[in-house]
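Presented below are the structures under discussion, each in the form of structure tokens.
Look for chain A in each of the two complexes below; its partner is chain B in the first and chain C in the second.
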Partner chain A sequence: MKCHIPGPNVKVLGRTIHALARFGDELYLESSPDAILLRTLNAAESAYAMIKFNKVFFSYFNYNFYSTDDKEGLKCKISMKSALNAFKSPTHMDKQVENLEIKLDPESCKLIFIVKCKHGIVKTHFVSILDCKAMQAVYSKDLVHSRITCSQKIFTEALGNFQSSDDQVTIEANSNSFIIRNYIDCNIDLTKVIRTQINIKPTEFDSYVIGTETIITFTLKEFKALLGFAEALSLPLQLQFEITGKPVVFIVHNGTTFEAHFVLATSKPDTNTQASSTQNSSAVKRKRKEVHIKSNSPIKKKLHLDVDLSKYLDEDSHLFNYIDIPIEKDLNNIDELVHNKTTGSQSILHDNMECDNIIPASPTSKIKIKAIFKRCFESTFDPRSIQGLVLAENSDSE
Partner chain B sequence: MDSGKTLCSLIKAIQFQECAVFCAMQEGLKLTVEEGKCVQASAYIPADNFNEYHVRDDVDVMFKISIAVLTECLNIFGSAEESSLKMYYRCEGSPLLLVLQPQSFSNVMTDCEISTQTAESVLELRDEDTEEVAKLVLKAPAFLSLLVDMEKTCDIIEINLSPEHPNVSIVTYGMQDRSCIDMPKSSDMVQSFNCEKSVTLKYQLQHIRLIMKALAVSSKVVLRCSSNGLLLLQLKLEKEDQRQMFSEFYIVPLLDD
Partner chain C sequence: MKFRAVMIDAGPMREFTNIVSTISRLSKECILRLSPDKIYLIVSEDNSGPAPPMLWCEMPQSTFFLEYQIVGVDDEHKDIYLGIVSANLSKSLVTLKTAKCLKMKLTKKQCPCLTLEIEMPSSTSQQSRQVTHDIPVVVIPRKMWSEFHEPRVPHPDISIELPALKQLRTTIDRMKCMSPEVVIRASAEGRLTLQIKTDLAKVSTRFKDLRVEAFEGPIDHSDSETETQTMEDVSRTCYCRVDAKKFSMFLSADQISHNRTICSIVHKKLVILCLQTEENVKLQCFITGIVY
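== the complex of A and B ==
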């Protein structure tokens, strides 16, 4: 593979790499006869991003520059850190960079980024290739019924109201209202969290089509990253989603040169707590009572969780399939973990509640330790009382 | 001195150790800091920067002073305020006296006394016998942007200078990757280039990064490599009134195993 990218487009590529860096730690590169694809997957395998640069994005493009016989393009995985290194400061990159050349060195197995800068400076980055396989996520787009197109500004402004500690957002969409709110874990003390909810009128969006009413929850970190990407390139954003459990796809494209897909897995919100969270007029006292009741009946709650989680398992998205090795390490594992954690914390809560009723006695020191030096505390010590084997014999008498 | 601001920014640029050796000579003031006998940085303020400058020539005026305290005192009216500065020092053991007067208020004055310590000897890294093998004059802002873009996690920086193209090449080694910056002598940022035969020198990137603060306030940098590998960087800071202040960095090379 060998390609040249003109100066203004280098900035776009730099922005892309920076956005992808907020998703995953590894970058997959793949070249096909008419495009280059960059993909990444986050560590929890719940977010995926794919950006496709078409041939017209480049000033020179040859997808199999070195390989003469086989018609296969490049497939490789590099560390995101080294990719970032080549695109250190994307904001003023277009002022300095005249041309970027990316090529594969088949002998040393390195990917080479040659950056030609102003002042005749040439920066060459030799990036090691970690792996030679491709990765692809399975998701559907264009077939889904719910689609929203808008400028990223609406979301950026809405997210500005959220707390920095929020890590997930819930979108509740039906044909005449669009609500975005922070997701609150059912185990958190409701008196200590701030709930934010923003209602956006469907008329604010450029286009708004909702097939089925749905509530989806996804991570905020990746959402912010892709909004930043859309903002940097000032391009509109398209959301495509189905129902809870199916992934939500964000699309940013500028017609002919490139197309970016950001896929986030969605999870089902705990309907009980979310419903109660909308009644924000209730007094603090009442909320406390609520928590109290919940923790006093852990068995009932557990049952409820079990039902809920088994639903999760069916509904959560099976996003990713590797082409080379099919790894079915899906969200199931994570859900099981979550399950264990939630039930665990429930029982701890329960224990604490019991402790409140019965004042525990102060802990007494363990007898075990005392017994080691037991003989010291006896009234007299008689060496003859030790019988049996002599463990260490007397040393030679002088 | 009419304004202590430039002086303050120059002193801050070499602030990577707590204490500096303050040395007043007939030619000017010099503050020197050392980092583990590998890097020696000095700020040099020629006497013509001062409106009035008197130093006794029969004794060595040399003492140790805390840089943090000195910069704080120079900045006592805030960084936005220009203030005139007077410095006094009587004899060994006596404090350094600073009198600062802001230009916008007429009746305010600060009198700072900074206690001093007896100076230890300063490393003499320069060896008169070794010859200079290469000299390179670069624009400081451009050189700074190169250093900023370098990966922080790299340990070693290799500087290759040669009379053939590309004349300057800087290689950094990271965990698994290698980056290389080539710069021909025809480049705009290279103002002069003297090199008879090619040399390869290795330094700790961490040491080179110490000059970044000084580069940010300077306009020009001169790199001098001597035959024993010692790198001397001389940075020129140009003030609005055409007068100049300098900072100097001696960096000891890494030796091949």
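== the complex of A and C ==
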């Protein structure tokens, strides 16, 4: 694959890389006959971004430059840090850079960026390829019932009201009102946090269609990153969402040249926890700590995606389709199995985090934990519930 | 207990935001005292013992609020004292500079909250949007009110107007790096001297021709270790050694548009800094002197 990107578009690419860097640590690049796709996934696998640059974005585009027989196009995974190195200071890039050439040779283990700057300076970045896999999230787009189109400004201004310590937001949307709130976790002391709510009139949006009224919660960090991206390119933003538990998709596109999809996992806010006692919440905290040790990964919600392929329907923990370069079905299956196993421990989180019935029952370990603490939650002590030996008998009633 | 207030003018809103953000920089927590005619923001010393307040800010409600309703616990106790995290209040008020209207309410939403309802104009259309912040507060019981009374201070020996706070602040911030303590010296002739001493140097900055508001001389220097300075009548100057950090903290109040700032000194004991604005807001800071 070989392509040339003209100066002004290099800035767009730079912005894209910077936005993606706020999502994940690895960048997947894939070339197809008429486009280049950049993808990333965050560490908690709760956010995914895909940006597609069509042929017209490039001044020269040849996906089969090295004339291999491979019809699949090339795929590679590089580290985000090395990609960022090639796109330092995207704001000034359009003034300095005249042309950018990207080369990907199937035989080589490097992805090459050749930056041709003014005054004949040529910078060449050889970026190591970590893997030859492609990654793809499965989510539904354009089929959903709720869609909002607006300028990113509305959201940027709204988010300005939140505290810097807030990490998730809840959107409550119905046909007459649109409310954004900061998400209050069930184990946070209510006397310590500010609850903020912003009520935006639906008429402020360019278009506003809500199929079913819903409440969705997603992370703020990635949301801010994609708003920054839309702001830098001054393009409108389209939100597509369904119901709680289904991902929310943000689309930024510029007609024919490129299209960006940002997919964020959603969870339902557990409303009943706000009334829960302090005892309860401390128990939850303890429980969560245990889970944390087990999974040994930063806890976040797991991406719960709507999978349209029937074979994935009953395994909700399987989200991503890892495609090996020479597609061997057996190998792929093993890969899936391994993936399922590793995510198995993480799926314990589901019930804990989302308190949501949509998610199938977790492994038993969690129920065990529940049983240990169960008696604490009972309002009164019932001696009949204790069965077995009485170690110390009641003293005489006299 | 009930409290409800509405603010609609841009000027007072900006002023209010500035005051609150200044206080949030001075202290993590503060006491918001609401009374029928004034609202107070009170900061006590951090190592909260039975120490007198360090910062005392009073604002007449009539210049800030269009509507102001307050009902205390009973007729004798008309005030409401609320403990609040000052950063929470200031962060919620950041957007107030562009707001159309602010409603403040005392609410009970699972815990006592000060609810701020801010009406924001939309940048994209004529519509306005409603932002609600529920800031958790602690209602201070009546028996503890006495801790937050205005401190009774001895009559100052001298009151002198301070030069521009910004200028003073840059001076103090430099001095602060060299020495933790600064000696503030004021004379009846309108001279203000800030002085630090280190093992290596003695640095002093003098401001001349300042207006002296009051002078209760002569000052008794009989027990003092100060070296007599020539050219100056010692009995007409008084000084106090204070914590440079605290002094510099007060000077960050320069973002509040103020009329004048008075520095009153009780010889060797106390420095009272008082900032007054056009809206009759009074921000007072009490810094006790360090005596060896």
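Rule of thumb we're sticking to: the second predicted complex is superposed on the first by the 271 of 398 C-alpha atoms of A that agree within 3 Å, B and C clash if a C-alpha of one lies under 4 Å from a C-alpha of the other, contacts with A are read in each partner's own complex, and residues count from 1 in each chain.
The rule is short, and it goes like this: a contact is a pair of C-beta atoms (placed from the backbone, for glycine too) under 8 Å apart; a residue touches a chain by one contact, two chains touch by 3 or more.
Note that the structure is predicted; figures quoted are calculated from it, not measured.
*Asks:* Identify the partner contact of A:158: answer first if only chain B is touched, second if only chain C is, both if each is, neither if none is.
*Replies:* In the superposed model, A:158 contacts chain C only, not chain B.
*Asks:* Mind working out whether A:79 is in touch with chain B, chain C, both or neither, as first, second, both or neither?
*Replies:* It touches chain B, and chain C stays clear.
*Asks:* Would you sort A:89 into first (chain B), second (chain C), both or neither based on which partner it touches?
*Replies:* After superposing on A, A:89 lies in contact with chain B but is clear of chain C.
*Asks:* Tell me which of chain B and chain C touches more residues of chain A.
*Replies:* Residues of chain A touched, chain B against chain C: more for C.
*Asks:* Kindly classify A:255 by the partners it touches after superposition: chain B alone (first), chain C alone (second), both, or neither?
*Replies:* Neither partner.
*Asks:* In the complex formed with chain B, which residues of chain A make contact?
*Replies:* Within the complex, chain A touches chain B at residues 79, 81-82, 85-86, 88-89, 96, 118-128.
*Asks:* Across the complex, what residues on chain C touch chain A?
*Replies:* Chain C residues touching chain A: 85, 88, 91-92, 94-95, 109-111, 113, 120, 122-125, 127-136, 138.
*Asks:* Contact residues on chain B for chain A in the complex?
*Replies:* Within the complex, chain B contacts chain A at residues 142, 145-146, 148-149, 151, 166, 174-184, 186-189.
*Asks:* Note which residues of chain A are touching chain C in the complex, please.
*Replies:* Those residues of chain A that touch chain C are 150-151, 153-154, 157-158, 160-161, 163-164, 190-201, 203-204, 274-275.
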